[in-house]
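Handing you this structure, nothing more for now.
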Amino acid sequence: MNESFLLTILILSPLLGIVLLSVMPGNHRFINYMGVLGTVLPLVLTLIVFSLFDRTVSGVQFVEYRQWFELMTSISPNEPYTVAYDLGVTGLSVLFLMLASLITFLASLTALRLKESAKGFYILFLLLELGLLGVFVSENLFLFFLFFEITLVSMFLLVGKWGGFNREKAAFSFMIYNGIGSILLLIVIIVLFVEMKTTNITELTMLLKETDSLEFLSGDTRTWLFVLLLIAFGIKLPIVPFHTWMVRVHVEAPIAVVMIHAGVLLKIGAYGLLRFGVGFFPQQLKDMAVVLAILGVINLLYGAFIALVQTELRSVLAYSSISHMGIVLLGVASFNTAGLQGAVFQTISHGLIAALLFLLVGVIVDRFHTTKLEELGGVASQAPLFAGFLLAAGLASLGLPGMSGFISEFLAFLGLFESMPVIGSVGILGLILTAVYMLRAVLAVTFGERRPLFDGIRDLTAVEIVPSAILLSIIIWIGVYPAVLSNTLQLARTIGIGG
Amino acid sequence: MSSVPLSAYLVTALLLFCMGLYGALTKRNAVIVLISIELMLNAVNLNLVAFAKYGVGASIRGQVFSLFTITVAAAEAAVGLAILIALYRNRATVNVDEMNTLKK
Amino acid sequence: MTGELLVFIVLFLITITGGLLMLNLTKVIHMMMALVLTFLGIAGFYIMLSAEFVAVVQILIYSGAITIIMLFGIMLTKHTEAEPKTGWAKKGVVFTGIVLFFLIMFKGIRTISLGPQADDLHVNNTEQIGIMLYTDYVIPFELVSVVLLVALVGAVVLAKKDEKDEKEGEQS
Amino acid sequence: MDMETLLQYEWNSMWPEFTILLTAVALSLIDLFMNKKKDRSLLIWLALAGIAVAIVCLVLQFDDGVVSILNETYRLDSFAKAFKFLMLIGTGFVLLLGVPDESTSVRGEYIYLILTALLGGMMMASSADLITLFVGLELLSLSSYVLVGIRKTNPLANEAAFKYVVNGGIATAITLFGMSYLYGLTGETNIYEIQGLMGSDVVTDNRFLAVFAFLMIVVGLAFKITAAPFHMWAPDVYQGAETPVTAFLSVVSKIAGFAIMLRLLMVPFVFAPGTGEIITPDGISYETLLVSVRPYLVLLAIVTILVGNVIALRQLNAKRLFAYSSIAHAGYLLVPLAALSELVFEAVWFYLTAYLLMNIGAFAVIHVMSAEEEVTVASFAGLFKRAPYLTIAMSIYLLSLAGIPLTAGFIGKFEIFMSALGTEPKRYLLVTAMLAGTVLSYVYYFGLFVQMYFRPSKRQTPVTISNGVTAVLAITAAGTVLLGVFPSIALTFIHDHFQFLEIFNP
Amino acid sequence: MDYVFLIPILPLLSFLIILFTKPIYKKAGLVGTTLTGAAFLCSLVVLFSHFAQGNYLVEANWFSIDTVMISVGLEVNPLNALMLVIVTLVSFLVHMYSMGYMANDERYATFFSYLGLFTFSMTGLVLSPNLLQLYMFWELVGVCSFLLVGFYFYKPEARAAAKKAFIMTRIGDVGLLVAIFLLFWQTGSFELDVIFQAAQAGDIAPSLLTLIAILIFVGAVGKSGQFPLHTWLPDAMEGPTPVSALIHAATMVAAGVYLVAVTYPLFSASEVAMTTVAVTGGFTAIFAATIALAETDMKRILAYSTISQLGYMMLALGAAGYTAGVFHLTTHAFFKALLFLAAGSVIHAVHEQNIFKMGGLSKKLPKTAALFLIGSLSISGFPLLAGFFSKDEILATTYGDGRYVLFVIGLLTAFLTALYMFRLYFLVFLGNRSTEAREAPSVMLIPMMVLGVLAVVGGYIQTNWFGTFLGDWLETTPYTIAFVHPEAPFWIPLVASLLAIGGIAVAWLVYGRKTSIEESNERNGLHTLLYRKYYVDELYQGLFVRGSRVVAYFWMYVDRFIIEGGAAAVTYAVKRFGQAGVKLQSGQVQTYSTVAFSGLVVVLLLIAVLGGYF
C-alpha cells in the first residue's frame, strides 16, 4: 500500500495552532479566534480523510509504519521487542475521528466567550485534540496509550484551571480514576506485547484469533486480560461504580471541555472496548456476555433512576450519559452484528447529542448563571430558539426516531434481544425512564410560567446557533439516513466478527 | 586442634554485635551512640578473624579484611565526631532526642 | 579444661563485662572506659586466633586512637548531667528485636564447624598480611588512603571554626 | 611481588578512576593553597573537566571486553561501565548545579568531596571483591556524610549529617556482619570465587546462615538505595543537605547502590542453596537462594513503593516530597530485581538514566527556588507566572516522574512493567503495587501542577537562575523528552556497547 | 400511484417552510392548509387509483445490519389507502379550522408547523411497509402529540399533560418495540409481508407468536388510550382543541387500532391474543363510558368517549371483525372530529369547558349546535347515521364470534354512549342559561359541515342493505386475512337502536328537561368513583411515580454513600497511612534505625519460620 503522511499530518495539525498561539501575546484580541482557527485545520484534514476513505475495501487504510524503537534483552538479543509508529484508520476509527474533530471544532466556538487566560486554554485545548485524534488513528497499542495519556494530562489541566468551584477536586478525581484505568490498560498492553512481541492492533487481532489454541496465552490469562480491559475502559465509559469522577467532571469542567469530554473523551472507552475487547478477546467476551449485559442494564437503570431526582441540569445530563453508555455495553454484550453496530451508533450518536446538550447548557450558564432546575423555567417564553434546540436535543437524547439516538438504541436492543431477551426486557424499561427524566429536565427549563426575572435575556446568538444547528442536523441526518454510518463502519470488516 | 570451637568466638562476636546495636539504638548520648557503632564493627572484626582461622579454606584474608574494617571504622568515627562537634556548636547538646527538628 | 579454654573464658568475661558496663553505666566517661576493657578483650581474642598484627592494631586504634578521639569528643561537649533514660517501650521493642536476632543467629552458629583450622597464620603473621595487602588488595588499600583523606578533610572542615564564625565570635 | 608484576596489570582500564582521583587530589591541593578570598568556581570547572576526561576514557573503553585486575579486586565489565557512565554524568550535573552566581559562593571541599564520593561509587560498580566493594561503599558514604554536613553553621545540616552518620554506620555494620559470614562460609572475598564455592556441602549445611548473610548485606544496600523500611533517614537528610548534595544522594549514590545490589544479587548467590527443599530422585536438593528470598525482595519492593508514595502525599516540604518520591522510585527499580526478569539490567539501567535526568532536573528547580526561602509545596504557587520556562521544565520532570508518555520516565516504567510481566509466572503482585503507587503519585505530582499553574503567587519577582543551573535544566529537560520520544537512542546504545551478560562470566 | 410519496412530503414541506419562515407569520395557516389540502387530493387520487390498479409497494435500501438490508418504502393497500384519506382529510379540515381557531395565538405559525409535522408523520406511519419504519413514525406522531399537547407550554397543566402523554404512550411503545425485536429474530426481517409469510408458515412458535401479538397490542393500548394506559388521553385535552380533534380523536389514537389491523395476521393466528384484544377493548369501552358519565369537562367527556369508542374498535378486531373495526375507525374519525371541532367552536365562543357552566347555547350558536347534534346522534348509533352502521357491524361480529359477554357489554356501552353524549348535549346547548357567545367564523364552520355530512353518510360504505363495499375492498389487501362476514341476527340493529334511543331518552329525562342544572358537590359513592375516574390516576401516582422516586432516591443514596463513600473511605485510609508514616518519622534518629532493624528481624523471622529453620 502506498505510504501517505496524511494521518501524521492530521495528528500533528493541532500543533500548528499551538505554535501560533504560543507566539502570540497573551492578551491579543484575536487569541480566541486563533484558537478556533487552530481546530479548523484538523477538521478539514479529517474531512479529507473521511472522504478519501475507501468504503469498498476492507482493512486498515492510510497505513503508516515506521519502526520506532526496539527493546532487546541481553539474554536473547536476537528476539527484540519492536515498538512501531503505526498509524491507520478503519471504518470504526474514521467515524470516531470525524466525531472528535467536529466536536472539538464546535466546542472551540463555545469557548469564544472565555475571557481569562484564553491563550493557555486554547493551547491545552488543541493539545487535547491532538491526543484525541491520535487515539483514533493509532494502529498500535503503544501509540494508543501514548495519546490516551496526552488527553489525560491536558484534561486535568483544563478542568483544574478553568473549571467551576470544585474544579481541583474534579480534576484530581478525573486523574485518579483515569490513571487507574490507564495503568490497567498499560498492563494489558504490556502482557500482550511481552507475549506476542507486537503491539499492532490488527496483527494482534489476527494472532489472538489464530492462536485460539491458547498457545500463547492461556484461557485464564485471556479472561483476566479481558477483565482488566473492561475495567480500564469501564472507568472511561464509565461503568457503574466507576462513574463518580465523570459526574464531577461534567458538573465542574468548563463547557467547551465538557462538550469534548462527554462527546468524545468518554467515547474512547467504547472505542477501546469495541476495538480491543471485541477484537482481541471475542471468546472471553462471549463467555462473559451475561455479566457485561447485566452491567449494562445496571448502568442504564442506575443512571436513569438517579437522573430522575437530580436537581441540577448538569448532573442530570451526567447521569444520563451513564445511562446511555449502558446501552453501549448492552450492544457489546449482545455480541452480534446488530448489537455491536448499535453500540457504535450509540457511541457516536451520544457523542453528538451530549455535545449539543452541553453546548446549550453552556448557554444557560452564560445567560442565567445557574443550572439548578428549580431556578430555571419558562425559558421558552424569552428564548424560544434556545428552548427549541434544547427540546430537540432532549428528544434526540431520549431516542426519538428520525434522530440518531433512536437507531442506535434500536440496534443495540435488537442485538440484545437475540442473545439475551430476558435481560433485554429489563433493560428496555430504561427507555421509559429515559423519557421520564429527560422530559422532566428539559421541560423544567423550557416550559412553565414566564419568569419576569429572565426578561431581556438574549436568545441564541449566531455563534451559538451555528454549532447547535450543525450538531442537530447531523443528528437528524444520521437518524434519517443511518447508512452514512453503517457504510463507513463496515462492522464485520472492522472488528472482524461475522454476524 | 584447638579446644575452643569456632562457635564460641562467633557467639561472642554476636553478643558484642547485639550489645553494640542495643547501645546504638537506645543510648541518648550521641558520643555513646557513635562508639556503640564501633563496637558493632568490632564484633564484625572478631568474626572475620575467627573465620580466618577456623573458616572454610582458612587464610589470612579475614585478617586483612578486618584491618580494612578497622581503618574505615576509625575514619568513620572521626567524621562522626566532627559532625557531632559541629552540631554541638549550633545546638549545644549531644542528646540524640533533641536532634529532631527535621521531621516534617 | 585446657588453658586455652580458660583464657578464652577470662577474655570472654572481660569483653562481655565491658559491653554490659557500657550499657548500664550512667556517666559517659565511665562508659568509655568500660568499652576500652572490651576492646582490649577483643585484642586478646585476636592473639588467641593467631592474629597478632590485628591485635596490635586493635589496641592501637581502638583502645588508643578511637577512644582518645571519643574522649576528646566528650570533653569538647557538655556532659554535666547523667545520661537521660530512654523510655521503656522503646527499649522493649529494641530489646525484643535484638533478642530475636540473637536467637536466630545463635541457632545458626551454635554448632557450626567449617573444617580444619588454619595453622600457619601465626607464622610471620605480619608478613603474610603485608604480602596479601600488597598483592591482592593493592587497590582497596590505596582506596583506603582516599577514605582517610576524606575523613581528614571532613573532620577538619566540619570541626574547625570558620574564620567568619570566629570573627563573629570575637565581635560578640 | 615486584614492580614489574604490578606494572603488567592493565592499569589503563582504571583510567576513569585515576582521572577522578587525580582531579580530586589536585583540587584539594589547589584549594589548600589558593587565596581564601578567591572564588572557588574555577575548581568546579576543573572538576567538570576531570569528569569530562573520565567520561572520554570510559567511552574509549566501551567496546573492550572484560578486564580484571588483581584477583578481580577491580573488574571492568559492561555492567560496571554502564553504571559508571551514569554516575559520571550525574555527578557532572550535580557539579553544574553548584556553580555559584554573583550572590553565592561555593566551598572548595564541596567540590572534591563530591569527586571522592563519585570515586567511591565507581569503585563499587567496578569491584568484584567484597573488600573493594566495602571500601568503595565507605568512601562514598564518608564523603556523603561530610557533604551533607558541610553547611556546618546550619543546624539542620548538622542534624542531617549526624542522622546520616548514625544510620549509615549501623547499616554498614549490619552489612559487614553479613559479609563476615559470607567470608566465613567460603573463605573468599572475591565474589566470583564465592559464587563457585556457594554450592559446596559446607554452605549447604549452613544454608540458613548464607540466607541470613544475604539478607544482612541487602539491608545495608537497601539503606543506600532508600528501600523501605530502611529509608527513614532519607527525608531528613535530603531536607537538611544542600540541594545539589541532595541531588547527588538521590541520584549518584542510589545508582551506585543499585549497581552493587545487582552485582551482589546476580553473582555470589546464584548457585547458593536456599531454604526450600526439592526432592529429586538423587536425594534432597535445595532451591536456589534467590528463589527462596524472592518473596522478600518482592515484599521489599512493594513496601517501598507504597510507603514512598503514601507518605509523599502528606509532605509539604518540597525536598521531603521528592525524598519520598525518590523512595518510591527506588521501589519501582526494585521491581525488575524482585521479578528476576531477564530484562533486569536493561530495565534498571534505562530507568536509572531517566531517573537521573528527571530527578536532577527536579532538584535543580528546587535549588533555584531555595534561594528565596525554604522550598515548600506552596512555594510553587503561581510559578508559571513568574518563571514560565522553569515551570515548563519542571512540568516535564513531573510528567516523567509520573510516567506519562513522551518522557523518559514512561519508557522506563514501561520496561519495568515489561520486566514484571515478562517473567513466568507473571508478577501480578508487583504490578499491582506499581499501579497503586503510580496512581498515588499522580496526586502529589499533579498537586504541584495545581500549584504551579492554578494558584496565584505570593511573590511577583521573577526567579533568577544561574548559568550552571540553566544548563542543567536545559539538558535534563531536553534529555527527558528526547529519551521519551526516541528511546532507541539509549536502547540501542546499551545494546551496542554493553553486554550485561558479562557480569556472569568470572 | 407513483406520486404517493407526495402525500407525506407535502405536509413535511409545510412543516419545514413554516419552521424556517416563521416571520411570515400570518401566511402560515394558509401555507399549511394548502399543502395539506394538496396532500388530501393526492390521497384521493391514490385511493381511486387503488381501485383501478390494486396494491402498490415501492422500497429502497436504507441501511444494513451486516448482510441484512433494512429498507424503507411506501405501500398502498386498501387499509392504508383508506387511512390516508381519513388522515389527510381530517388534517386538512383541522388546518382550515385552526386558521380561525388559532387566529389570535401568538405562536400561530409554530402551531401550523407542528400540524404539518404531525400530518407528515401520520401519513408516513400509514404508508410504512415495514415495522421499523412504522415504529419510527409511530414515535414521531407521539412526539407531535406531545408538542401539541404542550403547546400552551406556560401552563403547568399542559406541561404535565404533555409529559404524561409522551411517557404513557412510550410505555406502550416499548411493548411494540420488543415485539419488533422478537419478530426480527424469528423472521430476519422487518417487512410485514415476510413476517406474515413466516407466521403463516408456522415458523414462529405459537406461544411466542401469542407473546408477540400481545406485545404489539401493548403498543396499541398505549397509543389508543386503552385501559390500563388510558389516563394520558383525557389529560391531553390541555392542548388546543383542533389538535384534540385531529390527533386525539381521529387519527393518532386510532393508530393503535390501525396497528392491530395492520398486523392482523399475527393476531388471527393466536386465539389468546384475539381474546386479549377483545376483552381489553370491551372493558375499556364500558369503563371509559362510565367515567364519561360523571365527567364535567366538555373535552374530557369527548376524550373518554374516544377511549370508549376505540375500545369498541378493539373489541371488533378481537372478535375477528377486521372490517368492523376499520369501519368504525372510519366513521369514528368523522363524527369524533366533528364533535371536537364543534366543541372547539363552543370553547372558542365561551372560553369555558365545564358543561355545568354552560347552557342554552343552541340559541347563540345554532350552526354549531346542529352540527354537534349530528355528531352526537352519529356516535350514539342513531339509526341510519354513520355510527349506527359501524356499531352495528361490531355488535354483529361480536355476537357472531360467540363472545356473548362482550356482546352484552357492547350493547351496554352503546346505551351509555348515548346517555353521556346527550347529557353533554343537553347541558350545553339546551336550557336557558344565557352566556355571551358568538358563532364561529366560516373558516371554522366549513370543516365542521364537511365532517357533519360525512358523519351522516359515512356509514353507507358498508351496510347489509346496500352492499358491503368496504369489506369487499379490504379483502384485496395483500395479506391473507380471515374475513368474517357475520350473519347477524336481525334483532341486533333493532336492539342497538332502541338502546341508543333509550340512552338519549334517559339523558333527556335527567338533564334535558331542566332549565338549569348546577354542578352538585354532593356525590354518592358510585358517582365519586366515576368522578375520580376509578382512582386510576391516584393509583398510578402512588404506585409508579412515587415508586420510581423511591427507587431513584435509594440509588442516589447508594451512589452518594456507598460508591462515593467507598472511594472516600479508601482516600481516608490512604491518608491515615500517610499520617502514620509521618508520625513514625519523628525526627528521632534511633527510631529510624530501629524500624530498619525491625524490618530485618521480621524478614529473618519469616524466612526462618517459613523455611523450616526451627
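Residue numbering begins at 1 within each chain, and the chains themselves are lettered A, B, C, D and E in the order written.
By our rule, contacts are C-beta pairs under 8 Å (C-beta built on N, C-alpha and C of every residue); 3 or more make two chains touch, one makes a residue touch a chain.
All of these numbers come straight from a predicted model, not from anything done at the bench.
A.B. asks: Treat each pair of touching chains as one step and give the shortest count from chain A to chain C.
C.D. replies: 2
A.B. asks: Which chains are in contact with both chain C and chain E?
C.D. replies: Common neighbours, chain C/chain E: B, D.
A.B. asks: Can you give me the shortest step count from chain A to chain E, moving only between touching chains?
C.D. replies: The least step count works out to 1.
A.B. asks: Using the mean of all protein Cα atoms as the middle point, what chain has its own Cα mean nearest that point?
C.D. replies: That would be A.
A.B. asks: By raw count of C-beta pairs in contact, what's the busiest chain pair here?
C.D. replies: Highest contact count belongs to chains B-C.
A.B. asks: Which chain has its C-alpha centre farthest away from the C-alpha centre of chain E?
C.D. replies: The most distant chain relative to chain E turns out to be C.
A.B. asks: Suppose each chain is reduced to the average of its Cα coordinates; what separation in Å results between chain A and chain D?
C.D. replies: 43
A.B. asks: With centres defined as the mean C-alpha position, give me the chain B-chain E separation in Å.
C.D. replies: Here chain B and chain E have centroids separated by 95 Å.
A.B. asks: Indicate the whole-number Å distance between the mean C-alpha point of chain A and the mean C-alpha point of chain B.
C.D. replies: Spacing between the chain centres: roughly 64 Å.
A.B. asks: Can you compute the centre-to-centre distance for chain D and chain E, using the mean CA position of each chain? Integer Å is fine.
C.D. replies: So the centroids are 78 Å from each other.
A.B. asks: Which parts of chain B, given as residue numbers and ranges, touch two or more other chains?
C.D. replies: Within chain B, the residues that touch at least two other chains are 20-21, 24-26, 30, 33-34, 50-51, 55-59, 61, 64, 68, 72, 75-76, 79, 82-84, 86, 89, 96-97, 99, 101-104.
A.B. asks: Can you tell me which residues of chain A touch two or more of the remaining chains?
C.D. replies: Nothing qualifies.
A.B. asks: Give the residues of chain E touching no fewer than two other chains, as numbers and ranges.
C.D. replies: Residues 582, 585, 587, 589-591, 593-594, 597-598, 600, 604, 608, 613.
A.B. asks: Applying that definition of touch, give me each pair of chains that meets it.
C.D. replies: A-D, A-E, B-C, B-D, B-E, C-D, C-E, D-E
A.B. asks: Mind listing the chain E positions that touch chain B in their complex?
C.D. replies: 582, 585-590, 593-594, 597
A.B. asks: In their complex, what parts of chain E are in touch with chain D?
C.D. replies: Result: residues 574-575, 577-579, 581-582, 584-585, 587, 589-593, 595-600, 603-604, 606-608, 610-613 of chain E touch chain D.
A.B. asks: Mind listing the chain A positions that touch chain E in their complex?
C.D. replies: That would be residues 240-241, 243-244, 302, 305-306, 308-309, 337-338, 341, 378, 380-381, 395, 400-402, 406, 410-411, 413-414, 417-418, 421, 424-425, 428-429, 431-433, 435-436, 439-440, 443, 446-450, 481-483, 485-487, 491-492, 498-499 of chain A.
A.B. asks: Where on chain E is chain C touching in the complex?
C.D. replies: Going through chain E, the ones touching chain C are 590-591, 594, 597-598, 600-601, 604-605, 608, 613-614.
A.B. asks: Could you list, by residue number, the parts of chain B that touch chain E in their complex?
C.D. replies: 21, 24-26, 33, 96-97, 99-104
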